[in-house]
Structures are given as structure tokens and as C-alpha cells.
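After this come two complexes, each holding chain A, first together with chain B and then together with chain C.
For the complex of A and B:
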């Protein structure tokens, strides 16, 4: 096992050569958002959120860090304008597709996305492939798979019938970042929530700490509305 | 179902999963579509997961999971044909056959499909009946073509 040296955001670091760039960056404590990555599954590189910028002699390029193996002497920048702009666009697109995903809503608030420029839809899949990989690799079942291409791509069982090999374990739903309880923000469902950004809760330090899944007292939401009124 | 026939086709390709598309198209030539139990047999023989096989079958447009008609009519909607009014031709076919694109008539005589280019743009608007091209289509030609096909069984 060799050790390679790379430069992350201007700081030199030494990591194991068998790692991917994402593993190295997480090990070094750099926060990289991901949706299609799971530690127990093979990297897939489809959500593109883990993009980082790599400097080469010929210029810089964006690579998906979850698939990129670390190499001796590479220069990595994780939060350049280009990277952040790309990531924000991706989250915006995915959120417009699946506005009821709390994972995506939280990610949008974290990135400071305040409006969505695309027409909101109400799909229930971002095609991250976590369920397909989990079913195949961890559950040793392979009951679901991708079919079609382009906009017609979807996850189904063979012949769209009840699968003979599915054990109803529910792992696909457990791992899914979209099929979950929707955000309990103060915007109606199907829109950008942004509560974590705008609302100042009274009972906790930040909005994320409120037990959003339960019926909350709503005082912070009312306060948020008051703030809006004061602004206008 | 004659599963031995399927086995023979698979053995011809020495049960190699990398020849999957060739195997499938040969089977489809036999049945005109890919029946479910045949696909299950293929997955078993080639030792590939059913989900992967189903993905491949759905990826390529030529593979069909439902029986198709005796005559497969493909109307080209590529750029050149589009400019020359291919949509009108397609609508004429739809009206006369009383089916939509992608459907098959109840008597299993005709299947109507749209394709993106047939590679003979100078003949546009083009339609294809099984393996034969019919160039410079218009509404009158559509009618006479369908009449010929349905009356004689030949074209």
C-alpha cells in the first residue's frame, strides 16, 4: 500500500493510493455533497454533485471525485466558482424534478439556492441508482433495474410485474433520497421550501434541529412570516 | 413453446453473454417478438440477471415485447422527411389503420412505427414496409399501398 501526496485547496496531504478522490477528501474533512454515493456500494458517478476541479498542465477540468482515483501530485480544488455554480445548477434541476424530497430541499438550503428557474414537476425518482445497486450488491437479489434511455429511463422490475426474487426487504426505500416524508416548511409542498434559510426558530439554534417530521408548534414559521411582512 | 429451438440459437453463439443482442435478434426473427418465457430461458442459459436482460431489451428499439403485425410500417420523421411533410403521411397511416404510432392492428396485420432516419433522404418522405422502401409518399400512395397489402397479402 503506497501513499500519494496531493494538494487539496492549497494544502498538501498524504493519502492511501487505493482510495478514490472522494474518500480522500472526506478523510481530510472536506465537505462534498453527494446523492448517488453510498459507502457500501460501487461508485456510480451519476448525480455529479461530488464534482471537483483538478488542475493539469493543459488547464483545469471538472471530475466526479467518487470515480476518480487519487494520483501522485494532483492539485484539487473543491469549492471554486465553477464547481459551486455547477453543483447549484444540478441541485436546482433535481429539485425541480422532485420537490418533495427533504434531502434535496435541505441541500438546496445549505447551498443557499433561493429560487428555482425551472418548471416544478412532481416525479419520485432522480435516477441515482442507489436502489438498483443496493438490491444487487448488498441484498444479492437484483430484483429491479433500469430500462429505457434518455427521458424514458426508469427503475422497474422485469416485465413490470411483481418480482419473483424480491424479498420485500424495503432496502430500496430505505436508501432512496427521494421517497421520504416531504419537507414541513412553510411553503406549500411542491415548491422550494427554504425554511432552513429564512426562518429563525425560537426553540432551537437552527431550523434543522427542529423535529420537522412531527407537528411542530409553528411559532417560528409565524415569526418567519412576520419577518417577510416587515421586509415588504 | 419450442425451447429447444431457443437453446440451439444460444448454443450457436456458444452461450456467450456478449453476443446477447445477436441472440435476441435471431430469436425475434423466429417469433416476431420476444415472449416472456423465452426471455427467462435466455437469462437462465446465459447466466445473466433478468433485470439486465430486460434493460437491454428495452434499450434497443428493434426488440419488441409484444407481438407485432405481419407488415411493420416505419414512417421516417428525420429532418429531410419532416420538411417534406412526413407528419401528414404518419397521420394518414394512423387514420387509415385506425391505430396510433407504436400500436398494432387487432388482426395482427400492421404495426405502425416512427423512425428518425432511414438514410435515404433524397426519397423523402419515406416509409418502409418490412424491408422495402417506399419513397416520395403522399396520401394517395398511402391508400394504394395499404389496399394492396391488405387485399393480396403481397406487395
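For the complex of A and C:
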């Protein structure tokens, strides 16, 4: 088992050479958003949120960290302008497709997306393929799969009828990143929620007390600090 | 047919075939590519055979069908050897005249000759026509001489000499070195050095290796690979055998799209003939080297031209690409080292082996060597396939080979690289064509499509066309390509229908850059190129669509309006009868008028009015 050295956001780190870049970054505590990744499944690389920038001699290039094997001496930047801008646009695109997903709404709030510039659709699925891979790789069933191409792509059982090999185990539902309903925010369903960004919770005297739906987003603390700034 | 046993036997067979054929015997060759078949060349061929039998001169004349001659504008083309008389647009009615006048009496029929539209000069010999004269036909040269269904024709023209030289005089390393030094780069679009790829594949671990020929050519308006597949399939087979020997592979695949039935048919015949001659299969020419080729037919998905999607398709999986951080030369087909090259790349191999790397690298620019076939189409006088040395300027291609823009209209731009490419405006026409220079302009070489557009083409409409093509052909696997191109198309649709705001243009650019940066495969990464390059060079045209709601080229249907010029209309009623919407009213011999609410801007009235009384205007709402 070899060890390779890489530079992540300016800090040198040593990681296992058999890892993917995403595994290494998460091991190092760098937060990388993903929707199609699951530790127990083969990486698929379709949500594109995990993309990071790698510096090369000829300039920088974007790579899919969930698929990219770590290499000796690579210089990684995880939150450059180009990456953050792209991630925001991707979440905006996904949210415009599935506005009723809590995961996507939370991601949007976390990234500070405050308006959606596309016409809202009302789909349920972002076609991340987690359910398809879980059913095949872990449940050894393969009861669902993709059909159609491009915009017509969807996840279905063969011939859209009840599959004979489906054991109703519910693993597909369990793994789905967008199936959760959103919390009730200011805006009606089907629009951007952003309630976490707007509310100033009473609990926000100290950072540790925050109990909002976002993990350590800190927006309420930020708002509290802003209020104090305004006062002084 | 007896198998060719060894190298000396091949030369004996070649000599025997040469001895049998008489170079002075009149030979009528009829171009029979797919385009000429659409013109009815098969009927012409039949007519020639019946005519010759009728005149009882079967022993004196040979009739041969060849592949595409490139000048598709003028098909079907008949060339009569040994003089090389070039007749164009030949119909069944001309056949008996050609046989009696030209073959028997040696007279030239004037009306079938090509007349240069610019100078008005007539040409007897095809090679002298300006369309061909400026070209450098290395790969396409044999298309004139070879019946693709006869291996003998290929052998007589020096076929399989490169193979016997490679097998008996060169080691695999020497072959790879020759290809590397020649500077040949992949002709599929990316331009990766072929020799380096071969070397990587040879070095890759694994006893079982595959080689693949990518013949899944899907760009709208591009058909150079089809022309080689149909007209000279043995050149690809020979190239592949040499490649397989160099890499150490014993199994090859040709992935052809099923929209090319003639190519598949000719390939199958060629493969069988090569096997019968012992040039393919076990112990090729007694060298101890085994290699065979299978044909895999695509299901009609554009993205299967992408190497990883193509490999998935051969394996019987859904044709979807994957990330290429582990290259196909290491893990490709069935996870074995796989070397994949384009049709044109394979066809170049025998030529490089025969003529040497020095000869090849003398052609072209510093980093792009050799010749490249482009399919020159669109609003141009001479459309067809052109093979030119790298480094030729776009101006030479458009004006000297292409004969300028159709109907004397003004040149606006040239679109290269198919749906992944971009538009190059008039000010950059002096640009030498090579991989790097085209990329600098925001376009790309691609597989070699060149579409000329004139002042009557709207760049926004063109970008919309390519965007919708990509949207239709996106596999839908990754989000930026599936959702992104959908939204791009939505915004462009808003612009062409006059509902957009100026912020939409900003959003369009922003989204385009994200799709370009974040997509999984080459299809998505290049999808916004038509949009970005047209915004780059024709920003005012995009802005006019948004701000003034006008289409300067008068193309975008929802921004234009047809009306009748009362002064010119003589009330003939032609437009009234043709209008599918019954939107034209008026009495006979009195000026007509168009009911705008019913009009769908189909333009039938405009096309059919003899007095040019139907006038187009943009924006809507005038008159």
C-alpha cells in the first residue's frame, strides 16, 4: 500500500494511493457536495458537483473527483471561483427541474442561491442513478434501469410493469437523495424556499446552539453579526 | 481464389493481374457512392451495360463502378479512360450517345463537360477542374480507379505492399517509430498523435489487445469517412492490419453506423475477399501473424462516436460515455487495452508506410501534418469532398476550390467541426487550417465538416439548429449536458421568438461556460461552441434579435413578416392557391393581401411569386 503526497488548497497531505480524489478530500475534511456518490457503490460521475480544479503545467483543468484516482504531486483547489460558480449553476439547474426536493433546497440555501433563472419544472428525479446502481450492485437484483435518451431519460422497471425480480426492499427509496419533502418555508411549493437564509432563529446566541436544518451553515450567526455591525 | 502464400506470391499475383489488364482498353467508370446513387447512377450503369451489349462491343470496353469522386454537386460522374474524359450529370438519355460518339468515334460530347461557373471555361479532363486542381488527393486518389468490390483493383494500384513491407521488413517498434515521426494525428477530431497512442497501447499490460476503427460518423453535413468506407475499404483494412501488428493485437472491430448500408456492404465484401486471399485471418502471408476484423453496426446514436460510448456499444451495453481518467489504451473494450482510431487515420497508415514518414511530415504545418478531407457544403458553388494539405487557408478552400458563395451572395461565415465546432467569420478567412489554429478561433477541426453560410443565414438560427441537434443526441447521463443544453435551447428559443431580455444573453453565456467546463464527455464539453463562437463574432446580431426584435437575415420566423407590395402584385393568384393557411385574399388581377393573423411565415408565397411582390420585413408589425 503506497502513499502519495498531494497539495489541497495550499496544504500538503499524504493519502492512500488507491483512493479516489473525493475519498482523499473527504478524509482530509474538505467539504465537497455530491448527489450521485455513495461509498458503497461504483462511482458514476454524473451530478458533477464534486468537480475540483487541478493545476497542471499547461494550466488548470477540472476533474470529477469521485472518479479521479489520486496521483503523486497533484495540486488540487476545491473552491475556486470557476468551481463554485459552476456548482451553483448546476444546483440551480437541478432545482429548476425538481423544486420539491429538500436536499436540493438545502444545497441552494447553503450556496446562497437566491433566485432561479429558469422556468420551473415539476419532476421528482434528478437521474443520479443511485437507485439503479444500488439495486444492481448491492441488492443483486437489477430490477430498475434507465430508458430513453437525453431529456427523455428516466428510471423505470422493464416495460414499465411490476418487475418480477423486485423484492420490494425499498433500498431505492432509501438511497434516493431527492425523495425527501422540503420543510415548509415562506414560498409555496415548487419555488425556491430559502427560508433558512431568511429566518433569524432565536437560538442563535452561540454558534453551537444552532438547530436549523442545515448542517453548520452558520447563516443565522452571520445575520446576528450583521445586526450587530448595523447597530455599531 | 487461391490463397496468397507469402510475400513473393503477392507480387506474382500483382504481376498476373497487371498482365491481364490492358491500360489502353477503353474503360467507362461510373461514380457510385451513396450521393450518386441518389442521382440514379445505378440506372445509368445498367444502361451502359445494355447499350454495350446491344452494340456488341463487350470485349472492347470495360464498365466499372467506383466509389465517390468527391464532386457530389455534379453527380453522377462518368470518367472515360484512358483519356480521362470527365462527364458530369450524366442521365440514362446520354448513355447511347456516349457509347457511339465517345467510345466508338472518339468524339467529345460538349454539353456533358464541366463548365467553370466563374471563368466559363470547359474542361475535358477532370483533374484540371479548379475544384480538383488545388486539392492534394492522397487518400481519395484511388477512389477514381478502384471498384470497391474488387480486391484486384486495389492490388493493381499498389495495395497491400505496405502490409508486406511492414510484416517482413519492419519490426513493430519501427512501424510505431515511423508513424510517430510522420506526425500523423487522429483524424476523428481531437488530434491526438497516433504514434504515441499506438506506443501506449503496445506498452499497456495485457496479452489480449483490441483495435477499433471508428466509423460512426454522425456530424450533420460530414461524410468523408463514408466516402473512404464505400470507395476504398481495403485501405482501412490494410491500415488496421499494420496497426494490429505494431500493437500486438489479433482482433479488430469496425464500428459502422447503420445509416451507411452501402459502406457496410462494401466492407463485408472487402473483408471476405481479403480473407480469401489470405491477407486476413490466420498466418497472414505466412508471417505467423494472425489478425481478423469483425464489423459492429451501430444503432444510430450520435454519442457512440465518442470512444468510450462506442466501446460500451460494442460490448452490448447502453452507448454512454464514461470519464477517461483511465485511458482506453489501458482499459478499453472488455477492460483490455484498446487502440481506437478514426477511418481516415487508418487509411493514412499504408500511405505513410509506403512513402515514408519524411514524405508525410513534409506536408502540412508545424504541428499538423499530412492531408485532411473536408466535406465542403452549404451555400457554396462546388460542394463535395475536398482533400487538402494542412495549412491551406480557408480562403483558398472557399474561393478557389469551392468556387465562391452560391448565387453571388456575400460570404458571412464558415462553420467547421460540426455541432461541436464554431463559426469562423470573414475577417479570419486567411487562417491556415490546422488543429491549433482552428481551436484558437473557438471552433475546431472536428471530423472535417465545413458548412459555408451566406448573408441570408441567421447565426442565431444556426446556433439554435446545432443546439437542438445536441439536445436530441445527448445521452442524458450527466446533468450539465442534459439539463444545461435543454435550458440553453430554451433561452435561444426565447431569443428567436422575440421574448428575450438582454439579461438572457448574459445567462446564455454563463450557462454555456458551465456546460463546457462541467460536462462528462466531449459531446457536452463542446456543445455550447456554436453559441459561444457566434456570440463572440456576431454579438450585434444576437443583440438585435433581443433589443429590436428583428432578424437581420430575415430567417427567424417569429420575427419576420410577409406582406404584398401592391405596386408589383398583378393578382395572378399563384400565392393564394399555394398558401396552406388560406391567409392570402384578393380577386384575380387585383393586388392581393395577407391576413397576418393566419400567416405562419412558411414563405411558400415568397418563393413562388414571379414578380417578387411578396416582401419580407423584420421586425413584425409594419404594414
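One rule holds for everything that comes next: the second predicted complex is superposed on the first by the 202 of 232 C-alpha atoms of A that agree within 3 Å, B and C clash if a C-alpha of one lies under 4 Å from a C-alpha of the other, contacts with A are read in each partner's own complex, and residues count from 1 in each chain.
As a working rule, a residue touches a chain if its C-beta (ideal position, glycine included) is under 8 Å from a C-beta of that chain, and two chains touch if they have at least 3 such contacts.
Keep in mind it's a predicted model, so treat the numbers as computed, not measured.
Student: Taking the superposition as given, does A:136 touch the first partner, chain B, the second, chain C, both, or neither?
Tutor: In the superposition, A:136 contacts chain B only.
Student: By residue count, is chain A touched more by chain B or by chain C?
Tutor: After superposing on chain A, more of chain A is contacted by C.
Student: Looking at A:85, would you say it contacts chain B, chain C, both, or neither? Reply first, second, both or neither.
Tutor: A:85 contacts chain C only, not chain B.
Student: So in the superposed three-chain picture, is A:67 touching just chain B, just chain C, both, or none of them (first/second/both/neither)?
Tutor: After superposition on chain A, A:67 lies in contact with chain C alone.
Student: Once the structures are superposed on A, label A:158 by its partner contacts, choosing first (chain B), second (chain C), both or neither.
Tutor: Touch status of A:158: first partner only.
Student: Regarding the shared-chain residue A:146, is it in contact with chain B (first), chain C (second), both, or neither?
Tutor: Both partners.
Student: Have a look at where A:126 lands relative to chain B and chain C in the superposition and call it first, second, both or neither.
Tutor: A:126 sits against chain C, while chain B stays out of touch.
Student: Which residues form the common part of the chain A surface touched by chain B and by chain C?
Tutor: Looking at chain A, the two contact sets intersect at 146, 148-149.
Student: Please give the residue numbers of chain B that touch chain A in the complex, ascending.
Tutor: Within the complex, chain B touches chain A at residues 36, 49-55, 58-59, 65.
Student: List the residues on chain C that touch chain A in their complex, please.
Tutor: It is residues 301, 318, 322-323, 325-326, 471-480, 482-484, 486-487, 490, 507, 510-511, 514, 517-520 of chain C that touch chain A.
Student: Quick one: in the complex, what on chain A touches chain C?
Tutor: Chain A reaches chain C through residues 45-48, 51, 62-64, 67-69, 82, 85-86, 89-90, 93-94, 96-97, 117-119, 126-127, 146, 148-153.
Student: For chain A, which residues are in contact with chain B within the complex?
Tutor: Counting only chain A, the residues touching chain B are 132, 136, 142-149, 156-159, 165.
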